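In the two complexes below, chain A is the common chain; its partner is chain B in one and chain C in the other.
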Partner chain A sequence: MKAKIRVGIPRGLLYYKHKVLWTNFIKELGADPIISPETNKEILNNGIKHSIDEGCLSSKIYMGHVDWLRNRVDYVFVPRVASYSKNDQTCVRLFALPDIVENTFYGIKLLKYNLDIQNGKTEKVEFLKLGLKLNKNIFTVISAYKKAKIRQLEYEKGQEARQIKLLENVGKLKILIASHSYNTYDKLIGFPVKHYLEKLNTEVIYADRVSKNNAIKASCKISKSLYWSHNQEILGAVELYKDKIDGIILLTTFPCGPDSLVNDLCIRKIKNIPIAYILIDELQGEAGMHTRLESFVDIISARKGVTRCR
Partner chain B sequence: MNAYLGVDIGSISTKGVIIDENNNILAEKYLWTEGNPINAVRNLLDGLKLQLNDDIKVKAVGTTGSARKLVGAILNAQVVKNEITAHAIGTLSLYPDVRTILEIGGQDSKIIILDDGIVADYAMNTLCAAGTGSFLSSQAKRLGVEVEEFGVHALKSKNPTKIAARCTVFAESDLVHKAQIGHKKEDIIAGLCKAVASNYLNNVGKGKKIKAPIVFQGGVSKNIGVTKAFEEAIGEQVIVDKYGHLMGGLGIAIFAKNQGREGEFDFNIKDMVFETKGQECDKCPNNCEIISVYRNGVLIDFWGNRCDNGALI
Partner chain C sequence: MQIENKVTFPRLGNYHIPISTFVEKTLNAKVCVSPAITKRTIELGTKHSPDFVCVPFKYNIGNYIEALENGANILIQAGGGCRFGYYGEVQEEILKSLGYEFKFFNINDRKFKPLRYYELLKKINSKLTFRKFMYYFYLIYKQIFAIDKIEDYIRKNIGFEINKGDFENVEKRFLVELKKTEKIRDVNNIFTKYITLLKKIPINKPKNCLKVGIVGELYVLIEPFSNYFIEKEMASYGIEVQRYINISYLFFSRKHKKSRTLKLAKPYLQYDIGADGVDSVAHSKELAKKGFDGIIHIKPFGCMPEINCMPILQRLSQDYKIPILYFSFDSQTSETGVKTRLEAFYDMLSMRKNLNSPLAPL
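And then the complex of A and B:
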């Protein structure tokens, strides 16, 4: 039997958002998806080594994952996701991702697709083009895309349903982590925050576990002119959840351009709910984060009358 | 008589307060941390003990500040709490109707907004220490002035120099430039104080409604130039308490008193040998830096590990 083609998926950036679609599509085509391990310091340090200084921490971590994969797989899967609709755009680093990777790791073999609705590049056509590189049978490719897409949607619905249940839990303080999924779920960035919040006996709510369409509609209540797709979704989740939660944590990696503007917008527009702004960079220890989170939870508890300062 | 000890170990200074059942301060001490929190606490306990009568028994201990964990382990503290909560409790005990607490410390700056005695909102500086105590002391060094005298110099100025204090690096080059083209020293110092206040209000205090009564505390509150600059910028009176630097210690002592648990505390702790050791875990690629604390050669606590693989006990 011929060995399966090994396709490496870096565990960073949009992986967390589209992981079910990506892995299932590759599997359905008869290839073997290999996902790099959870971020650790070694991956981070290799990522920093292969990035320009001005890049954000999340993109540096991504480069570390590519570096981990590149000698272990036949192809590395690095898509370009530029826009999901006529009215939005992602961050420039996501625009340039395949180019950055190809120009950093000389000779690396990439698998990519180019999702850019503003320029007429739709997901379906792009996935078919990508699929044909791994499997010559167009019918297999079409059915692989359909199956993977259905699984992704099912997964998203399940996540949302589970979260709605958590929101009904009245006993615990509920804190929304409003951040990109690649920050929220990263082992070095968001995990320590989530872990510490759970240690403080709070229920963690995630901004990405919400219907995308509803979120984008809701974001218009805060700003109509915002065009960064992922920030629209986060802001929309804040708007949708703000009456059901006790506090918001804006978790940002340094130096994220879109977040620096949108977080400020959020702090100015959302009133009557405590917001903590946590900025993470590659040099930071955990002590500052703990101080901020602990005091934040103390404040919320005091507001809820759980404990009083006096 | 029962008493309660609160220790606030900041990056620059270490503060200790001992209170009685009614929150009256029985003993207080303020000294520099000088990069050695263990030694600072030892000296602190020495200083506190001298002020106490023999019949006083310390029933509970609380620690706060950036070295709260380390010192908490050493003193076997019942409460280890962040400084924001501690400051709020301390200030509220002296000013029950305070609405806004401005605080500028050695590395941090924070704002706490209170509503009816409950912390309603707060903000803290992010990564950067611009506009905090360490910024002022490094500029003081450059100008050849003791940072403690900054306020006095600032008050002499009639025409404060405009200084860009958004970033310490820019501020420093701006300051050198202004000095070289002939601005007076007191004008520059007054400009720095103004810049600290406006930087604080634009960053930490962004979007917050600052309502009187306002209490200003932390090491920088001892600088009357900054206090004046705040009063001008906000247009309200800013209160600086004579115990302003002790609020964290006082707050954590009150917290220790109220939390219910008690434990024997012995001042002899200052004669014990405490050692800390930092080591890399090496058990996975994360290489967590684990700090362990030894009392008379026996491991009493450790932290820094991300998972149980790094557990030392």
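And then the complex of A and C:
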């Protein structure tokens, strides 16, 4: 039997958003998706080594994952996601991922697609083109895309439904982590925050577990000219959840371009919920973060009139 | 009593001249140009801006505050692409929270569409006819073109003037006269007059002088205060400076040539990497091919499109064996640091040139 083609997916950036679509698509085509491990110190350090100093921490981590994969797989999957609709765009860091990766790791073999609705590149057509590289049968490719897409949507719905249940739970303080999913779920960035919040006996609510369309609409209430799609979703979640939560944590990696502006606006406009702004850079120690979270939870407990049990 | 309208906008190099002309003529409104940028401008801007926002934002805020202090009450922000398109909304909030009263117009446009500007201006001044709009549009096009041509000539020659200050004197007089122009014919005349004057300035330019191209992010390229007058500094070493990016380029040629620029950037780039990133790569490649001695790449700290293009420039630098010096500017940048690094770069370039000279092709 012929060995399966191994396609490496870096566990960083948009992986967390589109993972079900990506992995299922690759699997359905008869290839083997290999996902790099959770971020660890080594991946981080290699990422830093292969990045420009001033890049954001999230994209440095991504480079570390690419580095981990590149000698272990046949192709590395590095898509370009630039805009999801006519009216939005993503962060320009994401515009450049394939070009950065190819110029940093000479000779690396990439699989990519280019989602850019503003320039007429639709997901369907791009996935077909991509799929044909792995599987010559166009019908298999079409059905692979359809199946993967359905699973992605089901997964998102499930996540949202689970979260709605949590929100009904009145017992605990609820804290929304308003951050890009690649920060929220990263082992070195968001995980320690989530973990500690849970240790403080609070319920963690996630900004990405919400219907995208509703969130984008809702974000207009806070900011009318915002055009970064991922920030629209985060801000929309803040708007949609703001009556059901007790505090918000804006979690940002240094020096994120979009967040530098959107966080500022969010703090100015959201007045009646406590907000903590946590900025993560390479040299972060966890101790400082713990103290901040603790005092934040103290503040919101006092506000709610509950005493926090330790 | 009705308060008089006074319009202001962020400064950018010498372009407040055409912008003022345009606003005055089409809106029948007074313009209150924000005072020339000083240390205070950037201090004010930094104090009231989000922490690590890119530095043009901070300069803009400083400009607005200083103009508001002088009585401006209509603020205009252009926009487009990258973070710049989102500046307006946040800046409006910041200035409001400082207690100023004003109207804010955010022309947040990704593409350059004159007709849309007309509609927008008509909202403010209902008497504006399309004919008049087009006339003044063309007039400022001419003004911008004149500024860019004159500055380009100066950039290439100022390092070699025999009598210190000649070029700057002529430039100053040119700007004063340009400010007064109201007819297209006047702009043409003044342009011819001053370009002739400039060409008469005695220079001593060796055939094989050092040639360095400067590429990078638009704002820091154009606003000399924000780049610590780097072009002037380069000139003082007797370097001929080449720069592609200016407003005529941005408005009147890039938009139509975006796909062509991308082609020029091949094989290094396949996709658009945001704002001026593609231009930086394409122009660097052109400079390298033309045999320039070095390239200086400048950007605001944290500027994403330019960070995107840096790994690509690093590779280009290896492929073509052309040295590239990178600068990042923020409000905290140390001026001595800039000067020292520039000096070292100059030393390196001249050493390379001397070593290679007997072999170098003409």
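We take it that the second predicted complex is superposed on the first by the 307 of 310 C-alpha atoms of A that agree within 3 Å, B and C clash if a C-alpha of one lies under 4 Å from a C-alpha of the other, contacts with A are read in each partner's own complex, and residues count from 1 in each chain.
Here is the rule we use: contacts are C-beta pairs under 8 Å (C-beta built on N, C-alpha and C of every residue); 3 or more make two chains touch, one makes a residue touch a chain.
Fair warning: this is a prediction, and the values are worked out from it, not measured in the lab.
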Touching partner for A:N135 - first (chain B), second (chain C), both, neither: neither
Contacts of A:T104 with chain B and chain C, given as first, second, both or neither: second
Touched partner set for A:G55, first chain B, second chain C, both or neither: second
Chain B versus chain C as contact partner of A:E294, first or second or both or neither: first
Contact breadth on chain A, by residue count: chain C or chain B: C
Chain B versus chain C as contact partner of A:Q159, first or second or both or neither: neither
First (chain B), second (chain C), both or neither touched by A:P274: first
Touched partner set for A:S143, first chain B, second chain C, both or neither: neither
Which of chain B and chain C A:R303 touches, first, second, both or neither: first
First, second, both or neither for A:N214, with chain B first and chain C second: neither
Chain C-contacting residues of chain A that also contact chain B: 254, 268
Chain C residues within the chain A interface of the complex: 50-54, 57, 82-83, 85-90, 93-94, 97, 106, 108, 268-275, 277, 301-305, 307-312, 314-315, 328
List of chain B residues in touch with chain A within their complex: 66, 81-85, 88-89, 92-93, 96, 117-124, 126-127, 206-207, 284-287, 306
Chain A residues within the chain C interface of the complex: 51-52, 54-55, 80, 82, 91-93, 95-96, 98-100, 102-104, 106, 114, 223-228, 254-255, 257-258, 260-265, 268-269
Residues on chain A engaged by chain B in the complex (per definition of touch): 40-43, 192, 254, 267-268, 274, 277, 279, 281, 284, 287, 290-292, 294-296, 298-299, 302-303, 308-310
